[in-house]
Each structure stands twice: as structure tokens, then as C-alpha cells.
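A single structure is presented below for examination.
When the chains are written out, they are named A, B and C in that same order, and each has its own residue count from 1.
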């Protein structure tokens, strides 16, 4: 289970996060993402997966106490001021949230929001913003990027909004993209499109990805490697194929078993996590 | 930060209530006996805050004045809540056009100044504390209708009300069992904000001579009386002014603090 | 005679000048004891349909019959038989349970309804509450506690207990496991399927998740934009979808991808 001392893109060591005087919600977590690698974090509500993402982005509220080390491209992020962090955020790393409506400003056109994200970090290229924006909107699968660029968020569907958010996250060609349940709020048919688009642009940009989800099948589609979190700790890690086919930890085995509805005879009793773990919720 | 505001507010409100309670059992001097001391004394001893133009101890009058302020606040807010809350729930329930008509009427009433209403009532029934309270209470009804309706609308759209309807729960039971408990915090916030406004309105009406009669100690009337001597004896206006400001600030801070404290959305995140 | 007969049901929502056709000429029958899946994405009209079937909303046109009696557009006071027989389990137990009521009162709510009491013989409410809490696997002392003291899965059990309290014939589950964590989802589904079996209930199972519907329901209807585009045995919908939308829906189910 010990992570190698890699010259990787993201290196998280012994990350512990606690809020106020409460017990830590993330405990001694190690993560490694190599350049271009896609790591899935699987966990349920309360497992600490979202807090981990926010800790890496430096977006935790003031009452959070973060210890351990988070290195991005060798640079230590824990302890950086918000100003220093904001230079990294959106440039070297970016984030895609679950709810595309709240991630977009309702008073600004989609194109302008992508352009803002671009200008913030590439101010010298301000003149080229429009063409970069249109190119990025094309890359996330819009046939008519110009029309989308001039639309306001409320004029777009949920799936279109999430693709705009994806364009915002990738317009600066970040090295790491953190996705927190990016398709959970979407319809299944829309989810399929957004996942395909995400897969393509991550490849095109060559970005590494930390993909957080409760949905094992979705993670299997996008990620080569997987970490399973339970109550703030990583209980299983390995390649996606290995974890999904031969899970070692009982909790991971339970999660895999409940997720494989396709292997069951309809109408039969479903396997539960509790079958594998005593005292699971 | 917000927690601190709530505590400051509670401290101020407690102080006002304590003043009112103390005044029932003890005041340094008689708060109504005209000419019991020298007139227009500056703060000192034995009159810690001085005496007014009738020679009455100002500190004693401030203590007793807290009673009128709270009395007016309680009755006015009571009238407004007792009428406004049921109407607000009803408005949330009415079909579109009915609610529309009711809310437009509420808007008109909201725009009608409390002061004008008080002058009207005073002209008909004579100026008294009771007239002022009723006028302020009536003028505050629209605020309660609005806030209750807004809260009730979201409760009525909730899944637990849908489940209650599917369980065959009749409308009055839904109102009492589901709507009222879940808008109570909004009403509480509105009540403390309205309380502050009622105290201010009572002071204004008494200042204009439309509220509490001259014999009864009232902060507003004290302020009005002090106006005549403003240049010679400025502290005369200072004490009732401070008392009004403290009470109004206190209730407003409590209202704001409660709003944040009780907001379930803000709490859920923590 | 079918248990539910839905004929040419249409529901138009008018907000200001905008008119939204939520349900467009839908006809459907549900047999006693059937487990029917209603599949669709957001905006498909599936929630509107079941609200109309439970007479919690009035149709713009068309009729709903339950047990041979018209229930659409009927005044609430005449709906006792429907309220006693048809119960709902909604998606998110965080919003379907009144946070300021104790679990005992929540579960007893259908028993306190004057409408339902006219239909059902008088029961000892406390005993019945204990009975249904036990049936969903919650300890008896749950009755004195508040919803926020329970986990998501337990809260959905409370909602199921409330639905069972008046001994209904039909259970309508509206995305009843969608808001739950995966590890809890299987447990709640097992519970639902077990109860439906043991009590001989008719189940209307509304979901966006075709994989779950296939597991729970032998038959299903697929809805899109207010219409039923296809219906039939769930296995057949999977293996040989006739309507292109059904085919898209089946194809969109995220499958486990193997890289080796």
C-alpha cells in the first residue's frame, strides 16, 4: 500500500483534514497521479472524497485544519496563501463541480465565462481569447460554438452547461483536472455524452485527472486506476481492472458486488455491502 | 461573527426587559410626581441622569419608559402576528387569482404609512397608548403576511406535504402539523425585527403627541419634551435617545442573529 | 377489471404565458399484483403521471380509474378509498419527512387521516406504528426520535413504514432509491421487493435507472417528453428495443469497461 516516491504530477502524503474540533474527515491519505494519469476516487457520502478534492484545490472553508503534504509538480500546496494558490488554480489545475448551474454565473454569456477563465491566467493573449474560447467549445463537442458562446446559462440544457464548465476547466490546458461527481446531476443519456466528451478532451490536452464518483461503472469508463475511500481512509487501491475484478478489502468487494446488477438474475435478492462487512451502514 | 451579534442583541434586549421589570418594584425616585425635585438638573447625585423640565428624575423615567416600549411592542407584534400569520398561510393556499388579489391588497396596505394610520385612529378614538399600539399592529400585518406566505409556499411545495396529502391529511391539519412548525423560525425573526420597528414607531408617535399621554413615562415623549431644551440641556435628549437606540438595535440584532442561527440550510453545511 | 385504468391522460402546466405539456395523451393499465416500471429521464412526465394516478393533481383531460371508480378530478373528501389503498414513497427522505415531527407521528399520519379512518377498521395506532417499523427493520424506540437522527437509508425505511401503515394495496415508489448511497440502495431495494412479495402489493416503480428497473420489474413503460414511447416485458426492452429512444436509454447505461 505504500506509495512510491514518484516524480509524479500530484503527490499527496499523509493528508489529514479536520473541521473545527470534530474528528478528522480525511485521515492519513496518500495519493499519486502521474502526468496524464486518471485516478478515480470511489466513496459514499461522508467518505471524505469531496473534502479531499477541495483540500487539493485549497478551497476548504477557514475552519478546516489541513496537515500533511500536497505536492503539485513538486510545489508544496499546503500552507500556501490564497493568493499564491489562486495562481495555480485554474491554470495548472482546475476543477469541475457536480452542479453546472451553480458553477456558472447566470448574468454572463457562456463564451465570456470561458474567456474570463482564459484571461485570468493568460492576460497577454487577451486578444486571442475569442478564438481560443470557440476552439475549446468545439473541443467539448458543440457543433455551433459561436451560438453557444453567446448564450446565457439559462438558455442551455444541463448537459450543455456541464460541457461549458468542462471547457472552462480545460481552456488553460491544465495538467490536473479534478472532477467531483461531474455527471451525477445529469440524465443518463446526457451523462453518456458528457463522459465521452470529457474522455476526449482530457486525452487531447494530455491532462491528468482526479475523478471523484460514487458510481463504479462511470469510474471504470474513465479511469485507469482507482482508490476506494471509507470513513476518510483509502481502504483499497490499484488498477481499475484489478479493483473491479478482484477487490481485496471487504468494503470494496461489497461495493463492487452491489454495483454489478448486470450479473444478477432479475427479481433475486441483491448482494449488499453488509454481506461483506459486518456493521456497514 | 454572527454568533457575537446574536449575543450582543440578546444582552441589549435582556437589559431593556430587566429595566422594565425593575421599575415595577423599585425606582430611585417617583417617575410621575411633578416638581419632586429641582428642574433641569445635569447628571450627578442624587439624580444620576439629571432631572427633566418638570423636575422628575430622568433615570426613573427611563426605567418606567422601558415598560411602555415593551408593552407597545408585545401588543403590536401580537396583533400583527395573530392576523398576519393565518392570512399568510391562507394566501399560500389560495388559487392563483385569489393569492394575486390578496397580495396586491397587502402591497397597498404595506405602502400605507403607519403614521398616517395612527393619526387617523387618534382623530377618531383619541390619542392613547392603545391607539398607537393598534395602529402600529395593523400597519405591521402586511409584513407578517408576506414572510409567512413565502415560507408557507416552500413548505407546501415540499415532499413531506405531498406525502401528507397522499396520506389523506386534511388541509387544516397540514397547516397546523406541517406548515406552522416549519415557518415558525421565519415568524420569530420577523417578530423581533417588527418589535424593534414598533418601539421606534411608538417613540415617534409619542414624540408627536399621538401616543402615550404626558403623565405616563415614555421614551418618545421624553425625547419630544427634551427638544425644547436641546441647546441649553442637550443631555435631556441623550438618555431617551440612547434607550431607544439600544432597544431597537437589540431587537434587530436578535432578529438577524436568529435568521442565521435558525436557517436550516446554513446549519446543514456545518 | 384492471386495478388502474388510465385513459388519454393529458396535463398542461400554464405559468404566465408559457404552457408546458407535461403529459400528452397517456393510456395505461396496471393489473393487480403487477410490478410495473415507469422509466424516463427528467421532463419525461413520469412524476406527473403517478401524481395524477394518486389523484394528487388534476388532469387537463382524460381519466384515471382505480378499482373501477373514477379518481381524477374527484373532490378530496370522496377519495378515502384511494388514499387508503395507494401510498407513495418519494425520492429523497431528507425532504419527504417533516424535520419537526417525531418518527412515530410521521408514520402514524395516514392512520390519523379522517378519510382513511372511514375506510379502514379502527386500529391501535401505536401498535400499528410498532408493527410497520418492525417490518422495515427499525427498532421500536425509533418512534420517539426525529428524522435527522437517522441515516439516509434508515430515513427511507421510515418513509416506507409510513406508506405501509394504512395497509395499502398499491405502493408507488418515485425514484425511491435514487438519492441513497450505493451500499444502502441494495438493502432498501431488497426490503421493498420483500415487502411487495410478502404483502402481495402492486408496485409502480418509477426510475431513471433502467438497470434497477430491470431487476425489480418484469414489465415496464418507457416515457419521453410526456408520452409512453414503448412498453413491454423489461427483458425485451433491453434485448430488443423497438423505439429509438429506448435503444438510446439502454445504450447509455454506464457499463463496466475492461482495459485488459
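What we mean here is this: a residue touches a chain if its C-beta (ideal position, glycine included) is under 8 Å from a C-beta of that chain, and two chains touch if they have at least 3 such contacts.
Computed from a predicted structure; not experimentally measured.
J.: Which chains make contact with chain A and with chain C at once?
T.: none
J.: Greatest Cα-centroid separation from chain C: which chain?
T.: Result for the farthest chain: B.
J.: Most C-beta contact pairs, which chains?
T.: A-C
J.: Starting from the mean Cα coordinates of chain A and chain C, work out the distance between those two points in Å.
T.: 33
J.: Cα centroid separation between chain A and chain B, in whole Å?
T.: 51
J.: Taking each chain's centre as the mean position of its Cα atoms, how many Å separate chain B from chain C?
T.: 48
J.: Residues of chain C touching chain B in their complex?
T.: 51, 54, 56, 76, 79-80, 83-84, 86-88, 90-92, 95-101, 105, 109-110, 112-116, 159, 162, 166
J.: Chain C touches which residues of chain A in the complex?
T.: Contact set of chain A toward chain C: 44-45, 158, 187-192, 195, 214-218, 220-221, 224, 239-241, 244-245, 254-255, 258-262, 264, 266-267, 269-274, 280-281.
J.: Which part of chain C faces chain A closely enough to touch in the complex?
T.: Residue positions touching the partner: 41-42, 151-153, 181-187, 189-190, 193, 208-212, 214-216, 218, 234-235, 248-249, 251-260.
J.: Which residues of chain B touch chain C in the complex?
T.: 158-160, 162-170, 173, 177-178, 181-182, 264
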